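Heads up, the next two complexes both have chain A, just with different partners, chain B and then chain C.
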Partner chain A sequence: MSVTTARPEPAVASAAAGTSRRRRRRRGSGMDRKPRFAVAVTALFFVLLYLPIAAVVVFSFNTKKSLTVFDGWSLQWYRAFFNDRELTHSLGTSLEVAAVAMVGSVVIGAALAFGLVRARSRLGAAANAIMLIPLITPEIVTGVASLMLFKGVYLEPGLATLMIAETTFSISYVTVILRARVAELNPEIEEAAMDLGASRMQAVRLVTLPLMWPAMLSSAILIFTIVFDDFVLAFFTTGVSPQPLSVRIYSAIRFGVQPSINAVGTLMLVASILLIVLALVLPRLLGRHGSGLDLFKS
Partner chain B sequence: MTADTLTATQPTATAGRPAVELVGIGKTYGEAEVVKDLDLSVEAGTFFSMLGPSGCGKTTTLRMIGGFVDPTRGDVLLHGEDVTDLPPNRRDVNTVFQSYALFDHLSIWDNVAFGLRRKRTGKAELRQRVGEMLELVQLTGRDKDMPRELSGGQKQRVALARALVNRPSVLLLDEPLAALDLKLRRAMQVELKRIQREVGITFVFVTHDQDEALTMSDQIAVMNEGRIHQCGTPEDIYERPTTAFVAGFIGTANRMTGDYRDGGLVLAGDMRLRTGELEGCREGEQVTIAVRPEKIWISDLTPEMVQTDGLVKATVYGGPTTTYLMEIAPGVELAVLEQNLQRARTEDRWTDGERVRIGWLPEHCLVLH
Partner chain C sequence: MSSAKKSDRLWTWLLLPGTLWMSVFFVSALALVVALSFGRTDELGNPRFSNTLENIRGILEWTYLRVIIRSLVYSVSATAICLLISYPVAYVIARHGGRYRNALVALIVIPFFANYLVRMYGWQTLLSDDGVVMKRLRDLGVSSDFHILDTAGAVIGGLVYGYIVFMVLPVYASLQRMDGSLIEAGRDLYGSPLRTFLTVTVPATRAGAYAGIVLVFLPAMGDFISAQLLGGPDNLMIGNLIQDKFFAGQNWPLGAALTMTLMLLLLVCMFAYLRQTARDSREAAR
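Our next item is the complex of A and B:
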């Protein structure tokens, strides 16, 4: 992965930095020199991307209430967050919704992945394409559409609608990841298990699931992270109470930014990073291949 | 007579019945008729091969015996017992898959023990049988390894052990050697044959490799387009092929087509070949005969041979043998295979453009229908 993403960089650099390169040609062959322009652009990109996040992290430890002046290190905003009933309640709601969406979407998504790969029908090919639509649809469209659907069937926005919407939305991710893994599975493996005396259910339990397990685990963690952090869809499908953390933070900010929000943000960031690392590392620790999330594969 | 009535009234399993019987079995996928009303009988304890080009229906037939494909019509009998409607896990057969289909998440030991554990075999017996089986396939000491640590040949032996440890009445093998390189394949052929003799289990072996089938089998069924063309010993199949397809698929055959008149064949360009009387051929009928290249003599001809003149068109030196391409009539070319015995050196061999007298014994002349 890293090789393929790195490759276009020098090409872009040579086109953009063409003039400066021509002037300095005498110094070297031109090919082995570092493309300075590309390095600068990359550095700028990372600064713009991570500076605001770094600010949130740093100011969450501020002793002052100010969001512009850093005065000294303290954990008071973390204390403030854990003493805030509304915020902690919202954290609980977010965890609950993420857990439900995770379990629901992995179970349904895995079944769907098997169906799509194994069915080999014309409908399967169409379904494969339809699976991708939720991934490219702007989330706000999905959000508004979900809201209208729930209104249409007279479902009051609340915890249930939130869970339904998040689960449905997540199924696509799971299916796309697991479909690749199922396609890699040799169908003869299940036949071999049945040939050796296993029933169909035993074949799935003893052979298919153990081989699918790492990929299912990583997609579960991924879904948990996505749903836990999700704001747009949650905003449209949740009611007044309970509100997930992301929606609660948004409404809190409208009444002036509290530094305790920085603390929440930092906690969410750390938790998300840990989960993503877990999703990437676990399949490798278990010694299996083809988790579908193997971003380090070169 | 009493034995006949007994088997007729008792359709259950009986000793002495063929290990596998297919009765009028057929498989249709949509429009495509993959297997066409096929009858087959495999004697217990034999090494039986189903040989044919890819797409001839041999694998589908094997999968119907294993229970992975439901036949559209007909019955599958194992030792006289009708198993047509039984799932794979309730048939006393095991399969070695073309892809080996090893369980990648289990060690070699657990792979081999899988079948016995399903049958809840006792611990001591399981340990003994798995150990013996690993010894039989020469993988003792590798039992803790994972499948991905093994070479292709070793994986193949694990697949074999995993199936054989269950002591099935029939072992089905679906092109098990196809993925191995030539040298390893030769070694595994000898190995498979040794194991089959040692365990005495009926092997039903699917292959498209004629050499493999000829060297390993007790019986061969040659298949094409969903039908069995001929079933017999390797010698039957090679020496006495009954259809043009079999003659062409197994080894090479020089084919000659002409009108059968007055104890001879009139080939293209009015060339008369004195074949003598051909069995089952009527006067004036168009007949195709075939002769194997190694059955044609270039020297030491005897009077009882069918003789003709050949014009050497090409000479192909092949180490132990030399193949001559000879034209005996306009457009009729015969390959003639000769051992490099007397004419071992280049200057001794026939050269292009030379006219040579060739001949073959009448019994080596095959009439194809």
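Our next item is the complex of A and C:
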């Protein structure tokens, strides 16, 4: 890791070295000597962060059924996964739920974000409080509450309850992200468009939405990833038959060694990492297009 | 101005779908939890609303109280360890990361988006008695009586691993925002590196630390996966009890009361946090 390698002391330091035994350096950047202990902690931190992930990935290619002895490389557990009708069905369910929650929460969340930033009514304060509660509620509480609500209105746990619960859970995240973006927008741009003869709808469609697209897209990807990987809420709101992948993985783990879980886990890891990198990079890529209107920003 | 009023009405209308949705599917659901914690089960085991305090009394029995106290101890320890690890890590990245700074932050964030269950499962296989880590330790001469899996340490470690990103990020952000010349000033006044760190850096970045403490403690208290996969039957946390009451145990009112207890504990923590940050910002304004 590049941080851990000590860089050679710059020549400026040698001039100061005469006056100071402690090798203090006065430089504009404020860089002091690398704290060796902290660097060691950081290196260890990164190793431990990736250790279990590496274990899952490596053992997913194992020829043996063992999770402790690596015997040789093979793709048999990936084949086992794709031949398992139940698991592939679960993959479909997870993708479906994530897609629905993504669209639902981005639409509702975007509307909420505009309302929260621009409305001056009393409803705004209430909406703000309601929107923030889920963020400070542990997921297990949300899960229990959703389970009770669905039971209370005699809604059988299944695909519909999963989608509703995951959408509810996601709205807060989308709103927080998009609210920051809406607050950056200058409403005068829209007014300028309307002064030039656009209707309000046209102004929103032609001026505001293009500015919002990158943020909406990256929050959509973010939500898709979170919901696709989510276990706790899914566990409390899913039924028996269409079960999302993470719930299947959970029951498989409880029943003991199953190397195909490593294969599924690896596939999920790769997908999540790709999506997250996309979500981080996309706004920058899109941000260059059509951002000329940002000149209006004060 | 009528056009301004008209547009204000539009923005208010936009608030409605989200507010309604959250009220129906979230706020009312939370209200149900509170209501059912005073409920009972009928002869068939179905939950019924009532006004009994039986569940609250049940929680105060030692079997449950013990688990609640254990959850508090585990979560507080995990939060403290996160804090101890996050400062050096965030400090190195913020002040010595150079042009790799953003890449290193991304490296911390990315595993967090990998499936939590799968990551915990990875630890479970590594730490099990015949797992890779334990085998290395045995080769190094560690006695075979020593176990990692199914201990309190494993559960706390799992919580640290699961939520440390929530501590590193706010601490990193406030270190980044901090004026670096303060640290130099501390060193110029002959403070040792450690002393400068403790008396200058930590107080100047405490807002980030407070935020991190809340962000780690909250999910750690509600976690049940770490205890289940790494802790075994003797290290259960409140989340495991709740899960059990809603599935295997089928005692929803008691489960609801446990959930409400969890919420109350976290509300107290939230309240303390808000008061502290309010006091800090008042002092800063003075």
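Quick note on the criterion: the second predicted complex is superposed on the first by the 249 of 298 C-alpha atoms of A that agree within 3 Å, B and C clash if a C-alpha of one lies under 4 Å from a C-alpha of the other, contacts with A are read in each partner's own complex, and residues count from 1 in each chain.
Going forward, a residue touches a chain if its C-beta (ideal position, glycine included) is under 8 Å from a C-beta of that chain, and two chains touch if they have at least 3 such contacts.
Because the structure is predicted, anything quoted here is derived from the model rather than measured.
Trainee: Tell me the contact category for A:V207 with respect to chain B and chain C: first, second, both or neither.
Mentor: A:V207 contacts chain B only, not chain C.
Trainee: In the overlay, answer first, second, both or neither for which of chain B and chain C A:I108 touches.
Mentor: A:I108: touches chain C, not chain B.
Trainee: For A:A198, using the defined touch cut-off, is the partner it touches chain B, chain C, both, or neither? Pick first, second, both or neither.
Mentor: The answer is first: A:A198 touches chain B but not chain C.
Trainee: Could you look at A:F82 and tell me whether it touches chain B, chain C, both or neither (first, second, both, neither)?
Mentor: neither
Trainee: Using the touch definition from the top, say if A:V144 reaches chain B (first), chain C (second), both or neither.
Mentor: second
Trainee: Residues of chain A touched by chain B versus by chain C: which partner has the larger set?
Mentor: In the superposed model, C touches more residues of chain A.
Trainee: From the superposed pair, tell me which chain A residues show up as contacts to chain B and also as contacts to chain C.
Mentor: 200
Trainee: Under the definition above, what is the set of chain A residues touching chain B in their complex?
Mentor: Those residues of chain A that touch chain B are 186, 188-189, 191-200, 202, 206-207, 210-211, 288.
Trainee: Name, in rising order, each residue of chain B that touches chain A in their complex.
Mentor: 66, 68, 87-89, 93-95, 97-99, 101-105, 114-115, 118-119, 162-163, 166
Trainee: Which bits of chain C are touching chain A when the two form their complex?
Mentor: These residues of chain C touch chain A: 7-8, 10-19, 21-23, 25-30, 32-33, 36, 85, 88-89, 91-93, 95-98, 100, 104, 106-111, 113-126, 128, 130-132, 135, 161, 180-181, 183-184, 187-188, 193, 218-219, 221-225, 229, 239, 242-243, 246, 252, 255-256, 259, 262-263, 266, 270.
Trainee: With touch defined as at the start, can you tell me which chain A residues reach chain C in the complex?
Mentor: Its residues touching chain C are 2-3, 24, 26, 29-35, 37-39, 41-42, 45-46, 48-53, 55-56, 59, 67-68, 108-109, 111-112, 114-116, 118-121, 123-124, 126-127, 130-131, 133-134, 136-142, 144-149, 152, 164-165, 167-168, 171-172, 175, 200, 225-226, 229, 231-232, 236, 246, 249-250, 253, 261, 264-265, 268-269, 272-273, 275-277, 280.
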